[in-house]
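Note that the chains take the letters A, B, C and D in the order they are written out, and that residue 1 is the start of every chain.
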Amino acid sequence: MLFFYSISIGNLEKSQVGFFTVIAFNGVSYFFSKEIGVKDVNFEISQDEFAFLIGPTGSGKTTIMRLIYMDLMPDEGFVTVGGISSNKIKKRKIPMVRRKIGMVFQDYHLLSDRNIFENVALPLHMVGIRRDEVRERVMNMLNELNIEEKEKKKPFELSGGEQQRVCIARALVKEPEVILADEPTGNLDPVAAHDLIKLLENVNNEGTAVFMVSHNYNLIKNRGHRILEIQMGEIQNQ
Amino acid sequence: MLFFYSISIGNLEKSQVGFFTVIAFNGVSYFFSKEIGVKDVNFEISQDEFAFLIGPTGSGKTTIMRLIYMDLMPDEGFVTVGGISSNKIKKRKIPMVRRKIGMVFQDYHLLSDRNIFENVALPLHMVGIRRDEVRERVMNMLNELNIEEKEKKKPFELSGGEQQRVCIARALVKEPEVILADEPTGNLDPVAAHDLIKLLENVNNEGTAVFMVSHNYNLIKNRGHRILEIQMGEIQNQ
Amino acid sequence: MIDKISFLLIEGFRNLWRHKLTASTSIFSVFLTLFLIGILIIVGQNSHYPIEYFRSKYKIEVFFKKDTSDAQEKIIIEKIREFPEVRSVTPITKKDAVRIFKDQFGEDVVKMLGYNPLPGSAVVNINKDGFEQVNLEPLIEEIQSLNGVDIVRYQGRLISRLERFYQMMINLLKISTGVILLVSIVVISNTIKLTIYTCRELIKTLQLLGATKMFIKVPFILEGIFQSIIGASLAFFTIFGLMKAGNHYLPQLVTLRIQLDLYFGIGLLIISVVIGFIGSYRAVSKFL
Amino acid sequence: MIDKISFLLIEGFRNLWRHKLTASTSIFSVFLTLFLIGILIIVGQNSHYPIEYFRSKYKIEVFFKKDTSDAQEKIIIEKIREFPEVRSVTPITKKDAVRIFKDQFGEDVVKMLGYNPLPGSAVVNINKDGFEQVNLEPLIEEIQSLNGVDIVRYQGRLISRLERFYQMMINLLKISTGVILLVSIVVISNTIKLTIYTCRELIKTLQLLGATKMFIKVPFILEGIFQSIIGASLAFFTIFGLMKAGNHYLPQLVTLRIQLDLYFGIGLLIISVVIGFIGSYRAVSKFL
């Protein structure tokens, strides 16, 4: 398949797990039903890395993401996120893992009964941040993504690309340890997509790991970032 | 803006409205609020045309689509679809217009309480087609889009790209007069996206008009199809 | 057309399964409210037992004039028997009166006085049923006006109190049933409304795909009716079971018997279909 | 922490507005059911009026032995007065008896016989209230056993029937209130469940964003409680209004007075908070 090849730039050793590594997959398999799911996945993402995950539709990219934010639990092996392992975590501790992660969902998951500001502010309220600080951080984030004038709108009043950017704002605003973005440019025009990658690179430079799913090979090539390729649920030549 | 330019290949005359023209915009404006919406849109799509609509996010592409399937009614001007004019139609006749159109929605709009087969079969049941014929046509369509083995799954059990293809299957299965596709490749990998365009081109060759929104300029360029560009709610040099 | 109708019918059935949770909630509400209504109807059907008992205790004493002969008294008694409110008349002849006086006071009044000073009389018993409210005043007046009748005595105020009290209870019961029926319709229709509210996306999608109003409405309305029928059947069988059990264990002294017939079942069924139809029609119309 | 609590409180309030439609449905259900319960409670509070009326009609006739003197009779009457069930005693002396006999039969029994054959007696009136069920048998026996008392007569079977009937009505009312209360809780909790069911996507999203169970639950539970309180207040004011109107127009002959006090309001409030809490807690727990 012409479009997919991978560049490995990570030279991490196993010993670094838990200190430099923010996400680690250890022989992870998950099956929705036989043959469907992901199989024996092994990879690591270090604290300051920017990595892409690429693969055809239905190959298991979203499944990998869901394993990271522990929406799915591995059938075999274990996933470690920010030092917490999926085979040891108690169910009620899962929210703590998710708070370390900024997630951009493929299907947005915006709350339709709240406006844009409230949607983006939610992760901050969850950790009990003061109202005025919330306001400042949210507005900064909306500015950064050029959707500040949509502040008072409900999600359904926004275009596809605008909703996608709200979702990105919500992921970034809590200044997470790692950002997971599942196809965050699917509804963005090339300019906006390019701007988004730039933004994520800036965030990455400030020390946040970024792990992003994309189909748009043209957008991600030649940027010097690691590219993981997945096919039929298996990670290819890493 | 480097990415957007338009090629006009349609040489239609106004007199052809109603016979050769399947979609016509006549001085159409629609405003969600002041400044936001589309303004004085004029264009026509003829019976056998394949046209793209391209423009940055939030420029009004989905709004144009919604005006065509009469989810929105123009504040000024009128839209004519298959000979029926938005300024003359009675409200309860709108379903008849929609049945002529195969729609691929940007946000899919799949029915979450039905499986894939039932979702795709719905437009056929609406017009009262026999059960066995429904089965045959739906399965053919699912085969064409490589999702036949998902027949019994619910939408939430599918990957983003698979859902998008279900939505496309539902639009094509009723053999409409015109196909509207709003960003149908956003969640498809390059191979699947290319296959989809091929499929739409085949359908178009059999005499169905196709009007498709896309951000992926690389995918649509050099195909000899007409490209309409929209910026800030206004159609550019057509 | 046939294909479309059969599709819509099947859709209605399937929706029940698709919306298991919300459907079971509606069914449960229908069950509870119809159960309540059913119980009230049964109580209403049986409310005549206590009043009939009391009516069987109503007694009117008629005293004849002193100079009426036993034969004349008999004729008057026959006349009294003919009033529709009268169940039976027990004559107390002058002789009987002497015996009763002796029983009560221990003296033989005839022996002492040499003649019988006591008049003849009769005890009139009132019909227990067939009257919504027994108003004895006119009867009393008519008896009073008969030739040969001296005085008529009866527990006047007590009886009219009892009748009025009974009437109040019946009215209360009727009003309650009406109120609960109304409440049921509203609660059920609200529940169905919520059920349909959970499907508003679905309705929007159907509209966008070109479904006519009918095509969208019919499965929901059928679903609502099916839910109601299921709820009503559950209520019917529960009441039926309770009634069987009740007839076994109810204290015999209250003489409470439960009448439950086909009409009751059919009535519940019709109520449920009406409720289901109105409820789901109202509800689905809100989103179309 | 303060920021979080205030956020959750405000969220609870805002949810009311966000879920206008579903919230108003719940509020309406709460209103209807609590209204029903309120009416039942008031009926229960007033159910003693009819029985008190009937009790005021209960009469026990005590006949003294022929050889008891008027003075002895007085002593016995004093003794009878001391029983707690007794409201008052009307003495009928031997002389009174003669007068009554003359009124009834037109003969002066003393003149005819030369002596008074009639015994003294007394009419005992029974206390109307303070007793759940008046059982006269022991009282009768005690009076009977007093020295100087000959026979005691009373409307025995009628009274015990009335008392038993009354008891049955009270029990029915209690059971109905209980059943309706249960039905309310279930219906309301189901309605709230449906309200929350419409938010299942929202709950899923909150979970994915790292919200703890508490963070998700609290606003919903508060919303449920607010809904209930609003519904209860509406019910309270409606009942209050109806009561005012009722006291104006109720026929005076039924002597029906409505007692409504602070406790009633507080009771409704507590019931509503409990219902709201249980309902929304149960409901939200289903989706977590």
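Things to note:
Note that contacts are C-beta pairs under 8 Å (C-beta built on N, C-alpha and C of every residue); 3 or more make two chains touch, one makes a residue touch a chain.
Everything numeric in this text was worked out from a predicted model, so none of it was measured.
In the absence of chain C, grouping the other chains by touching gives one piece.
Relative to chain A, the chain whose mean Cα position lies farthest away is C.
Per-chain Cα centroids separate chain B from chain D by 68 Å. Per-chain CA centroids place chain B at a distance of 64 Å from chain C.
Per-chain CA centroids place chain A at a distance of 30 Å from chain B.
If you average the CA atoms of chain C and of chain D, the two centres end up 22 Å from each other. Among the residues of chain B, none is found touching two or more other chains. If you draw each protein chain as a dot and join the dots that touch, you get one closed loop, with every dot joined to exactly two others. Remark: the chains found to touch one another pair up as A-B, A-D, B-C, C-D.
Taken together, the chain C residues at the contact with chain D in this complex read 21-22, 25, 28-29, 32-33, 36, 43, 50, 53-54, 57, 105-107, 112-113, 117-118, 158, 161, 164-165, 168-169, 172, 179-180, 183, 186-187, 190-191, 193-195, 197-198, 253-254.
In the complex of the two chains, the chain D residues touching chain A come out as 1, 3-4, 7, 18-19, 199, 201-202, 204-213, 215.
Of all residues in chain B, only 1, 3, 32, 55-58, 61-62, 106-107, 157-162, 164-165, 182-183, 186-193, 215-218 touch chain A in the complex they form. In the complex of the two chains, the chain A residues touching chain D come out as 69, 71, 92, 95-99, 101, 103, 105, 109-114, 122-123, 125-126, 128-131, 170.
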